[in-house]
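Next up: the structures, one after another.
Shared between the two complexes below is chain A, which pairs with chain B and chain C, respectively.
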Partner chain A sequence: METRSQIRARFFVRIWTAFVLVAIYLPILCGALAGLTKGRYFAFPVKMFSGEWWGKTLESFEIQTLVQNSLLIAFIVTLVSVFLAFFGALAFARYDWKGRRLYQKAILLPVFFPQPVLGLALLLWFNALGINPSWQTAVVAHLVWIVPVVTLVIAIQVYSFDPTLEEAARDLGASRWFILREVTLPILWPGIWSGALFAFLLSWGNFPLSLYTAGVDSTIPKWLYSKMVAGYTPMVPALGTMSTLSAAALLLTGGLIGILVRRRREQA
Partner chain B sequence: MTLATAAAIEATPVPEGAGHVATKPVLQLVGVKKVFGEFAAVDGINVDFKEGEFVSIVGPSGSGKTTLLRMLAGMESPSEGYITLRGNLINDVPADQRPTCLVFQSLALFPHKTVGENIEFPLKVRKMPPAERKERALELMRMVRLPESYYGKNVMRCSGGEKQRVALARAFAYDPDVLFFDEPLSALDYKLKKALEKELKDLHRESGKTFVYITHSLEEAMVMSDRVGVMSRGRIAQIGTPEEIYTKPVNRFVAEFFGEVNSFEVTERVGGWTTADGTVLTVSGVPDGVSGKATVIVRPETMRFVPAGSSADNTISGVIYNEYSLGSRMQYQVHAGERIFLVEASRTASGGLSAGDAVTIGWDAADAIVVGD
Partner chain C sequence: MAVALDTSAAPPAKTAETMSISPGLRSASPVLILLGLGFLAPLITVAAYAFAAPKSFDVFRSFTLENFAAIFDPQNTVWTSFVWSLIFAFLTVVLLAVIAYPIAYGMNRMFGKWAGFVSVLFVFPLFVSENVRLYGWVLFFIKNGVLDGALKWLGFAGGPEVLYTPGAILFGMLYVYLPFMLFPMSLGIAMIPRDLVDAARDLGASRLMIWREVELPLAMPGILIGMLLTFVLGAGAVAESKILGGQSIITIAQDIEVAFTYAQNWPLGSALALILVAIVSGLALYVLSKLDLDRILGRR
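This part shows the complex of A and B:
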């Protein structure tokens, strides 16, 4: 039997949860609705709905270029950051070496650095080196911020890794490469996978670093911002919604693959 | 030493299976030391492990037995001394290039692999074709008494005892000359542990391999081993057959490691070996080289009640303070003045005794063990 106070507590927990969910998702929903308006200007509530701006967005050549840029940057950032972060995470959590504590602190710094300041610093640095900012420099800028994050994500998995497994494999005659392929990588795979998803999504949605360091090349967040400042059309919320939906779809697929892999493993 | 008498041997169960051991040393340790900073974890060890032998190294935690094992398996290299395998120096040969295999305390099974894949791991390292691998794995599973249906089972879904078997099969798949064990049975419940101890000994007999087993439990070591080495502070205090360790411990540490004992510190006087309170003990079989001071050790199981009309070489009067049931036997705490003794007796032999009863306890000289300090 539930007591009165338990029932009341449960009621408040539910109300609070609903409030938080509404506070988070209602603005996103409003943005999405703004892209479905028939009118030219941003007005709320939406008077007449239409898919016109979605169609225009999908057809636009400019936006195709934006998507290509954003995808290219995010893919390269994902590949490079997972590669660097995997070994970085091993150094972070697996091996004991002189200077490890300093390394653990140093790698956290870029995460705490405000991104606009980091972007500006990187831009100055590129200028000093005589490098013209473009999507390639944006990749470097994204890496500075994303590699530490991915390192931490993978390091969490590495902390739960039992080093005696590697010792046992070695004792059974396996070479270092064989151990990495057959023992370490497969066990750390979930961490690497979530690290990769993080890397992609953080790069895909990153605005401040791209603003400073992508030069004349534009990315989706950068375009959204510039159109809000000048030349608003409902393509802005439409593209924003698409971008959000594709990120959510990627996350969902990633999670689903994770679940499927785990289930197949456990069924055996 | 001349201490072993007919009575002492009769009182000790002689372990079976000590006869089939060949005498060729497969693994030799000469003056092996391992120093960490100022601390010598292993401080000069000399042992020969004979081909096909089952040797246990026992010691309390911190005695250096794990460090010793890690050196034997190739995960540490000795600071001093020599380790040879079939005559070849292997001090610095890494673990993957030694024909030895360690069964870890945690077992270290690969959690993402099935039972079959775990067992096949060392075969895959050697690039054996998959069909052949499977055949060998199934053969090994039969050997360790794992049902064939477990081949494709997730190893993390196996019970504790089944995991032990998988770890064993995996070690055997490597086909090592020597198998090392870092107390793999310690996490199991008592009943299963007892059963697996015997199975391990059977496996040892069937495979003919050399086993080196590290444990903190002398009881476990006694059940399985041809020889037992007792370690203390980085050294081997004594190594010998379980019978020798039990009946002829070389010092108090070894004697007490076996369990509770009654001990008397005695000095040699004109009348004989005398305790601090002036009692002269009847003592036999004093080892060579012991003089002046010694410790007389009487195990609770050789101490007995001496009823009126019978006699023993040494007797003491006291009062039963408390009794403890050990199953088929009873243990009594007997207070005699300042001193406290433990006496063990079968339930029938001690029938009717209870706390508060005045008793005479005693032992025969032949049942006592004399060690130097």
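This part shows the complex of A and C:
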């Protein structure tokens, strides 16, 4: 049934997609190579590989602090943003209320906003309030940007949710808390789970907001940037690669858990 | 005592029942409070600083238009940063639309069971901070880097000098903002009903005509969101110029940053930021007002 031009189009689209994907992962590979090079300076083709910079990175006390900061920020951001975004998504997609259209647009504004400018604006605001920037203010900054994203992710799930299920449970005499726990949460679980993954990973990799709002505290992306601008060491690509690999591992584990839970549910 | 407690506890419960806050507003309120304190209030602070005396911290205590006068002064070259940022953002939008369309189309129509995997591959870079990815390109393009070294190894004279040029900045922007064009576009293309395309074909429409008259208009909301998003992010780009561009071009976000940090001229930085925000959010509000988000995100 397929015409020749369709086959050609399909071929073109596949080649193009593959090409763009290679381009997307190429710099990540270059970083991995540089981190595994022996010696202070990177040159290609790599003459000698070694794990010395990985070792040094893992041993560095300074970097341990960075990892702790990044993890702590990402954990708090995940917990808070999933909680806020769950209700935010119900208001976005489930309930019909007067201000909904306006609310839907308002929630998109922080996403449709240049992050460096948002970071600087928050810095000004914290200063006006007399708050010293630290990792705690970075948490707030991340939330401003990540809560709307997670709200959208969960809202997509809410759209496919049939509100009559909640009504049926209420008619049968279930309490509000019981309905939330036994009806709403299980149905929205896939959206909440992907929202949580998004929140953690976006916070983990965020650079512009952390740069301006973390004050003296540093996160992994912030530290990497300061070393890129001045004082390159192969620890920069090494730590960058480690951070990328941990994000990939988390995404993979998270995805697998999601698939497993869905399978078990379908069997039950 | 027990009686007193009883009566004091009863009325609040009753008012909660009769209070006319809709469940929608109640669920929205935590997010609204966050946005009010974390987004609106900072913007108001920026606006207030923009009218404060230059190089001072007299926010809310002085009112002057001097900062704006300084920006619009023809002697001042800060407007070139605005022009560069907006031109680069515009080019990013146009080029990314062309780059992303075939991929978004393929994800919806051609990749079949691979579509999910391909989208994960495109999502993942979002979780790696942009400076790490951009620095990877520095390692690729730099002298004795991957490209230069590979070409020399193959016996050529060596790689071209692309690093630290305006072209490298544009390339970095295309690279970083691709997912922001791709995914909204893909959502848009998913909105095209297949039967409509089939019907048009059965009625004898050519491939080009189907694309122009059926597919493109129906996918437009998603494409518009993608374009808006990439334009806004592109207009505020700074890392690309710092890492790949060697500051061969100063973007507006960088001017704002310099005013806030080295120059310690918060009022000037705020005035610049305010102009950028006005351009960006004016555009965002205009485009968003044209769109029905319920339909795009999948309410039936």
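Methods note: the second predicted complex is superposed on the first by the 251 of 268 C-alpha atoms of A that agree within 3 Å, B and C clash if a C-alpha of one lies under 4 Å from a C-alpha of the other, contacts with A are read in each partner's own complex, and residues count from 1 in each chain.
We take it that a contact is a pair of C-beta atoms (placed from the backbone, for glycine too) under 8 Å apart; a residue touches a chain by one contact, two chains touch by 3 or more.
Since the model is a prediction, treat every value here as computed from it, not as a measurement.
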Superposed partners chain B and chain C on chain A - clash or fit: fit
Which superposed partner A:Gly205 touches (first chain B, second chain C, both, neither): second
Angle at the Cα centre of chain A, taken between the Cα centres of chain B and chain C once the superposition is applied, in steps of 10 degrees: 90
More chain A residues in contact - chain B or chain C: C
Which superposed partner A:Pro186 touches (first chain B, second chain C, both, neither): first
After fitting on chain A: smallest Cα gap, chain B-chain C, Å: 13
Residue numbers on chain A that touch chain B, as the complex places them: 162, 164-165, 167-175, 178, 182-183, 186-187, 265-268
Residues of chain B touching chain A in the complex: 73-75, 94-97, 100-102, 104, 106, 108, 110-112, 114, 121-122, 124-126, 152-154, 157, 170-171, 174
Contact set on chain C toward chain A in their complex: 22-28, 30-32, 34-35, 38-39, 41-43, 45-46, 49, 59, 99, 102-103, 105-106, 110-111, 118, 120-122, 124-140, 142, 144-146, 148-150, 153, 175, 178, 207, 228-229, 232-233, 235-239, 242-243, 253, 256-257, 260, 266, 269-270, 273, 276-277, 280-281, 284-285, 288-289, 293-294, 297-300
Interfacial residue positions of chain A with respect to chain C in the complex: 5, 10, 12-14, 16-17, 20-21, 23-31, 33-34, 42-45, 83-85, 87-88, 90-100, 103-118, 120-125, 128, 140-141, 143-144, 147-148, 151-152, 155-156, 159-160, 201-202, 204-208, 212, 220-221, 224-225, 228-229, 236-237, 240, 243-244, 247-248, 251, 255
